[in-house]
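Labels run A, B, C and D following the written order; every chain starts at residue 1.
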């Protein structure tokens, strides 16, 4: 398992940000996931080396959190919220619509590797329920029709960068609150922390 | 030793009780005679309060509070209720939850019959399940190592195993995985739970989730017979329960002996019972016939022959015969062996070791000898010894505990990385053969050793000292001990591996020692192991008695040992197996071994502990002392060995350090934890001045680091199938710099030539090794002698 | 109407999150004054005087918590932005729209507490808020508000933004600390409390995003001024996340003390389609539900507690008459079963069992004994089903899963029975 | 002393002469054994041929005469002998020691061991009295091997007469299941229904699932 120089530098910077290197496990797991598109065994091994943990311990941490995908995920990970507020306003129907449109059942990844579909537990968009995320980019006020259209659009246009503002504009409805100015940033994969623009936790 | 704990008064179920202050409620209440059911709590590990089984009610300022007794420290005046309705309901509830997904495997589960979950369900569980849904399913069982199987369906997620491997043994190869109802214990894919201590997790698992392959399905707990004994595999002397069924030892379990093993065992100790039932055990005497072939014979013929031949040789003058061995049996056997050699055969040529340990006079005579328990109070620990994890694994656990749990500063001196390095404050490397110079620098605290020297100035210091490699000069260890003796509050633990080498020294199996740690009178000196072997080759010694010793395999210069046996005019081997040396003997006499004889052994602290008899052993084998007595009688004498107990009584009466250490004293009460034989009073000057003898690192010269590993090609390891397959193949460990210097690519085969021959081995790069050194594991099937100076060249 | 936290974002929707706008609107002025002239103790005193109560769910008085901080050093300040409770989205707005307000609060709190390294733990599903906060942190470093010798005061502070990865339990402060240390996010046993042994076993204060966002205002205007807002025990303003079957869902910063009727029908604009109100969750998914009879209860921390529920994280989820109570309860229980860390037996096994039984009832395969069974399972997780809940678990997540069960058992027993006898939901 | 006095003296004898005789001419004739008769043991199979014995040794553990020796072994994964992980690798009963108490039958969690009506097992050699797995285990066809061939003295048909009481008293059996076929019949051919009248519920025991 080798990471390129840039990734190794980034990893070193992450480790340096914490008083104890074990703390860097979570951001490093995101980094490893961004490298391979999912969290591979090799990725976990490298994180273990960097943090002085055993591989089993890294696996123990990685498997605790739902966002570390240890199996491959599609290009677009569609997470439809079905927690209480979204459920009350039809989140289940949106999930069904998304599943039907993509042909990918809840919790699965399509054979062509384009979509992964999952039901999410509350994604903090209850005021704009029902809501969904594509690669953790949020779209609020989504009807089942919007959900279908969204998936169709993604399949047709295959955007390299998923931009939440853009999708909200096209397929969203009511928002939880005023989002403010349009953001340029977006997601390049099912890893929230390491988008192409400034990343959470980078720098400083 | 036994400090009286201060007591506080608490009320348990309305009754006042005096309990030790500072303990956890679960222990305090136990001291008051009340048992609280629990699963995750283990007295030797930090409490986590996860299983929630030990809930009890504590009266507090805001009324009754339901709390886990394993996480709550006791306080004076506390009132607790362990049997209230709320408590019972909560405990029943927790048990019901635990059983929801627990399979009904009890009839086929190895734990069935000794299972805490079973017992507690009987005691306080619900009668019937109210769950109608499907249980959680996993494939079962999955092997997570060569020795351990995991059944995740049975697991109740108490984290005892994961905590053990993280906190105690320091190799967290198993961990929780997943979250919530999907939590499971597992290893990393393709990375087995290959810990030297994995068997402990099987023992502490409160259900049958972890089972051991050597015991799996061999018996049920109710048809096991057990005795308490002392592990025969190394000189730590772990307390064990030997368990058998149908006259077959089926398992060893750790017994929690506070001063020594605290309940833990290494896997070699735990699973090293299989050799006892090995079909290769000797079951009849063998006599070399006219064709030079060893042939089964009657005991009387064999004993007659031995008595006749040895008698004839001994009549030729003193010190014509010699004895080697006695470091693996009991003190009684060693005592009998010494008497037999000295009194019956009239020789002072006797040695329990094979030149690979420390001077027996040092072992028997050291003052300020510490106990393992001193580590509990140590401020600084110096380990200048073999890799404890490989040679004395449970001592490694105790040192690790001192460093991680008790805050001791650990200094490790070794030619390469040892198991303790990750928890050491200072690791110091040195080239084998150059230890004296290092010791001088350490004593001065010069240069980069200043920090370590400062730490050594803070007592109490425990110094664990031995020969890091077989090629190291034993005099260096003496010098280190002499240095350490001067450190503040220092206690010393000289270490060597064979299980009863200390007992053998105490029993006088050394030319310079008499039983009971008494120096032999001047002028009576005989030959030690090296002297005996060279004497045999030179024809100055003619007869040899081997007692459980295999010099042809174990002597550091095996070729010399083979030549010596070749040269001997008569050799008799008493032992359990037809090992390489026995195969060269003229007469081989089968002896009874561990669990087949009763006696005492002495561990590296000088702690005398009892070993007990459970099995009859092979029908044709006899106790060593009986064999020796019979030979002595045939020669017209006696060693007074009517029974092992008679020998023990004689020892207790005549050997000074062992005065009063009788079987009776060791069998009851505190004596079961062993009695430390008192060392000599005053201070005994250490014997030798060391000198460096490392060849200069010039040209293609290298020095050899020859050290033991836990699983090797030793006879006892190889005679048990479970451990035999764990033995490592030999390899030459080379520092990458040297590899570059010698032009050796990774994985290449090299020829290493030393004092005793030359072998071709694959290489392993080991950056932790001090440069200019080659490390070879001892007894792994490749021997080049123990001389420090070696050469290496690439073969392919 | 008093507003403390949301003024800036309402007045400047396009750039309230930028340093420029923050400074324009008086931002970091309090910090300058405080670093120049206030002793750390004085800030602590103001916070104590404000009677600000924690906004993360437990409503513990912030100043009191700060008072528990053990004297040893180093110490840490950790901001809990792992907002994951169903119904809650207030911190998301504060993080996304006014991150500098939080950062100023952090600097002031860190100065007051003698902390030199603070962490902002943001849930993994919030990449946009995290990006905004990260950018704001970088701006603050650039402007000299963070780093060495802040504004020439000699005070140093490092701030690290840490992203979670999808685990509600990490909102529990000790689980959050474990997560931040790179461990599995399992709650720790208390005591020791984080203020004594927290991050890396050092004294640590863990505060919610909203709590700390209030600090600049409190330090600037004085604790007494804050204490003058709102009824006793519920001082200051508070962000409520209103969602569900109301006409105007959203975040509302309100002064507490009004009735629930005023809140739901006033701020919320009433129930959608003019439907009747059936029930609402007054304080996030872990709170027991309220029904019509509670409409005139005052919306304060203490009044809600008196009625055997809690304001918790300030999430109000409204359900109208069309809602199947079994399904709603199941959805909430499913959440807790999914988010259980798996440490404690009662929560790990019990929550899943509750989910299984509820699933059966909802599917029409319920039995007469099932409601009693549900209550008894609940009782084994939270003995006595009392309020505030007793628990057989380490953290309150276990009892949280019990709240919907006791709620439907108290108010909607007939509806559960109708499921059992009618072979499914009577509402269709 | 009357004339008939001598005959009267034979009264009892005469009366007996016309009574039905109790004695039967075993082995020509055989008595029907009561349903709960404890004869020799058999080891049963499931209808699919799998052995029921899992080698758990509970029978050996409970046996008051210590006459049973069992050893378990890992089921070979490719050709399992019994369902689950473990099967009875060694199974021996020393019939000379056995007191036919049927505690083994009660202890068995899988109804692997049951008793038949066959009691004829005389041997001329003590070693022969140790019934091994080969003699205890019925064949996949439902036949049970016996050390001796069928003869006047040994009615092998009695091997088919399995106990009827077992269903009601075995650890996993309950009287409430009387007449309900809860598991496969014992001894392959033991098709007899359990004895009627066992299933009166004890006081307070409720019917449950």
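We adopt the following convention: a contact is a pair of C-beta atoms (placed from the backbone, for glycine too) under 8 Å apart; a residue touches a chain by one contact, two chains touch by 3 or more.
Note that this is a predicted model, so its numbers are computed, not measured.
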Inset, instruction - Identify the chain pair joined by the greatest number of C-beta pairs in contact. - result: A-C
Inset, instruction - Indicate, using Cα centroids, the chain positioned nearest the centre of all protein chains shown. - result: B
Inset, instruction - Could you grab the centroid distance between chain B and chain C? Build each centroid from C-alpha atoms only and quote it in angstrom. - result: 54
Legend entry - Whole-Å gap separating chain A and chain B, where each centre is the average of the chain's CA atoms: 52
Inset, instruction - State, to the nearest whole Å, the distance from the C-alpha centre of chain A to the C-alpha centre of chain D. - result: 66
Legend entry - Residues within chain A bordering two or more other chains: 53, 60, 64-66
Legend entry - Per-residue multi-chain contacts in chain C, two or more chains: 167, 184, 338-339, 341
Inset, instruction - Determine which chains touch and list them pairwise. - result: A-B, A-C, B-C, B-D
Legend entry - Complex contacts: residues of chain A adjacent to chain B: 41, 44, 53-60, 63-66
Legend entry - Complex contacts: residues of chain D adjacent to chain B: 54-58, 60-61, 71-74, 84-86, 109-110, 208-209
Legend entry - Partner chain B, residues of chain C touching it in the complex: 167, 184, 189, 337-346, 348-353, 356-357, 360, 373, 379-381, 383-384, 390-394
Inset, instruction - Could you please specify the touching residues of chain B with respect to chain C in the complex? - result: 47-53, 55, 66, 68, 71, 86, 89-90, 92-94, 96-98, 100-101, 130-131, 133, 156-157, 176, 178-183
Inset, instruction - Would you pull the chain B residues touching chain D in the complex into a rising list? - result: 105-108, 112-113, 128, 132, 140-141, 216-220, 222-223
